[in-house]
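When the chains are written out, they are named A, B, C, D, E, F and G in that same order, and each has its own residue count from 1.
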């Protein structure tokens, strides 16, 4: 574990919190979906740092493409803006 | 007002949870049962990836449940969104949607076989490298997703999906029952285990992961196709 | 930086991040009015729990529990002494991720159907059923 | 020989990292989305290619996989930026253009034409 | 060697920060997608770098998968923006 | 060659569920017939296994993938878990007979319906049988995920809403359970329930209590405990008729099983019993109070069902042998009688749009059999002699008298009076109010009538000769309360004694 | 003609996929090779028609030489473009003069169009926004000319020369 890895972890933790806050506060649901995509991006880096490549792979596959598409399809079929 | 109460409540809960989390030491060895897994996986089962051997063999029952959950999700989405078969086929997905750019379409054509190959690689090598049936299946489904979002006339044959899904599912559960018939336990390995880090090692684990891969791929493709073929605006008149 | 300090910083960031994700997600589920937002918050809570679980299985300076040739040969100095991290949380988190995906997908299908009937995704306007 | 390869690897990795940084800097500084894409795509593609290639030099037996990743990136990264550009063009985000050289109108018409043709 | 990798990690982290700032600032959704795209390319390299640091070739698989799927994730949103989904 | 094995309870339904679409391609009728055969086999399985358990007096432990319990997952078919599994599988067969003609015209829908019914059965039995806490979580998710589409099965506008509510609450429950499991695993390094129960003392007090609260919360949602049961009445009332019975007889049973296991076996916290008792009392009082005010028949039945769950929690919370036996009796009764009420009730309000109670006035003459059976069920659940509900309530009263809980006796009696009031309102309306002619009665088909008659026969028989099955209750109670025995049977090698 | 064309396409796909499989596994163990042959065969059966246009012909030595030439031209352009971007981004004044221009390509093959578009995107200051039939719409950071032919000469010609020879 090198020093900069620790720094990246701290940074990632901040990103996660900001991203989660973004998901909650944005009125534009598409932006919220993008934010959740970024959350899973950071998470999969975290999982690799935690020596769990299997989980990182799963998070990458599920979080990036699948979750995004099902949310985007739902937004497409409902409303993009939260009121 | 409600928000303040909730924030206060969450603050209290968060305080207690934090108190407990930070009491658990980080990064220290506290394995009990896992030691057995780390010992038995390379030595008895000859499977390099311990996570795989746990997922498929030691706790294979969970994976059966997991596959069932996905199966249920696809059934549920079908049952929630569509009423009749006819409606389903009639609502062609992106009838009014513009085509993707020509370039994107061509690149999808080229990338699709590569993605499927990658998925196949991931689930065939599930016991050697990270990944496995589920991840490989998701990757293949993503390949189909690529085609589904770029070509508006592309559609997946539901009948063949049903067949693949059923055969893969039956392979998984059937291998388990076969173990019972051969006088062993459910899902117990009955094949030679081979040498570690060879492709053909681990006995039934490889076969099960391939079956899981096919099943997950077909289920997720079905889900994506269903979700993408929803009619956009108003709906058919429905009553009980 | 000393090993212990690093361990502490890591524990604060991993536990803290997962706790924050859980709390933010729960807050979202409880206060948000939009159905899709609620489901997004649920996925955030799920991620938080998964992160917590995996970080509990971590061992300092460990390596992944995969006995690949590099490990079996013992040629690489660093890998020889590295302990293997706990594989069970990883295996369980795989299952948990899949289950979360299934629940989210079903929830979104329900949202689409609710939107067809009510033409809104605001939970206050949908509330027909009361206690 | 080995050390030469290693130093080459380090060189490529540093170049890659520098370009990655440049790409992010670019998308931060540029005024509108299309210019951002310009900076982002080029620099980040180059950066990741350099970095991967450098790693390939340092660990020669990883090279095949790394080349595959590089092919994927070369194929997919420009396409994804192209798709974003087209998407934002069609969703009506106007570029900040120099007024004298603007065939944007033509492209907007072109988009509509192409949609009509396909139907 | 170690110091070199530390510096590289620092640079990549800085790149991630800058793209994240664009994500936070970006006025439209499309700008945020650009940030996501850049971040995912950066993360591909970061993952490969971690694989190198941990001396394990198998971690490269994650990076490989990311190279493919990050593209599709971005493409989906782009297609939504042009009204194609 | 194995004929009967606990594993088949789960493996076969899954196998059949995967295969059912293919059967449908061969012949359309097969998608109805095959599930029935499956349910019959499950009952056969139960009979064989149960006779083995009663003859040897030891639970059957099945290990999966050939690994002994702490390493592999195991299934425990004891007198207690087997008893609940038996109830669930028998109710599965009855639900199948009842809904044999359900959605017959729409192939796709009936296929999905039967797949869901089979999986909800398999999931509930899996929850009951498994000896591994994470596996239990997985099965709970299977149950939950198959319930959501069943609630939203009808295309009316409120089904989806009830289902969504259920989904959110269920997701919360699963997150709480997962967090609890995470905490337990981080301290004990194992997921096997017997080993957890053996080594629970090693956990630091604070973490132990938090894990208990999280699990209690999560399982409480599944067991429809107050105040976590807001989803239940909506789900019961919006679902198709037979599905209400499925919820009452299967998923609620699985939920109550988890919470009983949690308090009785998994943790050694004594306050757990008091918590269960207190929650039971609150659940009972609140839901019966709300049931009194309901205008809609199915919601009334749902709240009454919640009240019964409260009664169950009270019985198990008292934690004496007699009370637990009474609890088993109530559990059995609840499954049988509530199913009868849901089955007949859904025919009574078949054509009514709002499913209001006043829509069924005067149906006593129009639908004599259904109305009679509904009345019988109502009398039984209220606890009038000589029906089976009477014995259940009587034994609960005796048990609480033994434990000197006089206030509780008074409470149960008062609540029974409340129950009498609202059930008699319906029965009174059925027989003594005038038929308004607004809604045409719908005659039950022969298979539905058959099921209702069978259930009524069971109620009457047990009411007249409670000794017939009383022994099973005692055995089940014994198996539940003997924690040391459970641990010893599951982990023979590791057993070092409880003290 | 049709049949041989198909067979050639199929074998091309098979070989390419198999090569990628080998790159994935990075070993020549017998089991891996056999599995790779089978898997790439199965995938090739379903995809050969879409995967390539000219099949095995692309392996002819002449074309391979052109491909290598193209790679170098492209890499040089890539490096140039990056330096270009670097100069622009690092310049505090941000000297850009953006515009959208268009030109027509002579390429017929879809694949060639794809490669051209990607190359343009990755080379100095230009960026493909849309391709409709033969028209390329280019976003240019530093517009020098607007006339179609001039644009074509400035942006596309160096690549197109070689591409025309590769994809025929």
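Going forward, contacts are C-beta pairs under 8 Å (C-beta built on N, C-alpha and C of every residue); 3 or more make two chains touch, one makes a residue touch a chain.
This is a predicted model, so every value here is computed, not measured.
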item: Each chain counted as touching chain B and chain D at once; value: E, G
item: Fewest hops from chain B to chain C - one hop per pair of touching chains; value: 1
item: C-F or A-E, whichever has more C-beta pairs in contact; value: A-E
item: Whole-Å separation of chain centres (CA-atom averages), chain C against chain D; value: 30
item: Computed distance of Cα centres, chain C from chain A, in Å; value: 10
item: CA centroid of chain D to CA centroid of chain E, Å; value: 12
item: Distance from the mean Cα position of chain G to that of chain F, given in whole angstrom; value: 62
item: Shared-contact residues (touching 2 or more other chains) in chain E; value: 16-17, 33, 51, 54, 56-59, 61-62, 64-65, 68-70, 72, 75-77, 79-80, 82-83, 85
item: Touching two or more other chains - residues of chain G; value: 20, 24, 26, 117-118, 128, 130, 132
item: Residues within chain C bordering two or more other chains; value: 10, 14, 16, 22, 27, 52, 55-56, 58, 60, 62-64, 66, 68, 88-92, 94-95, 98-99, 101-103, 105-106, 108, 110-113
item: Touch relationships between chains, expressed as pairs; value: A-B, A-C, A-E, B-C, B-D, B-E, B-F, B-G, C-E, C-F, D-E, D-G
item: Chain C residues within the chain A interface of the complex; value: 1, 6, 9-10, 13-14, 16-17, 20-21, 24-25, 27-28, 32-34, 36-37, 39-41, 43-44, 47, 50-51, 54-55, 57-58, 60-64, 66, 85, 89-91, 93-94, 97-98, 101, 104-105, 108, 111-112, 115, 120-122
item: Residues of chain C that touch chain B when the two form their complex; value: 7-8, 10-12, 14-16, 18-19, 22-23, 26-27, 30-31, 52, 55-56, 58-60, 62, 64-69, 72, 83-84, 86-88, 90-92, 94-95, 98-99, 101-103, 105-106, 108-110, 112-113, 116
item: Complex contact set, residues of chain E against chain D; value: 4, 8, 11-12, 14-19, 21-22, 28, 30-31, 33-35, 37-38, 41-42, 44-45, 48-49, 51-52, 57, 60-61, 63-64, 67-68, 70-71, 74-75, 77-83
item: Residue numbers on chain E that touch chain C, as the complex places them; value: 54-59
item: Footprint of chain F on chain B - complex, ascending; value: 16-17, 19-20, 23-24, 30-34, 36-37, 40, 57-62, 64-66, 68-69, 71-73, 75-76, 78-80, 82-85, 162-163, 165-166, 169-170, 173-174, 176-177, 180-181, 184-189, 238-240
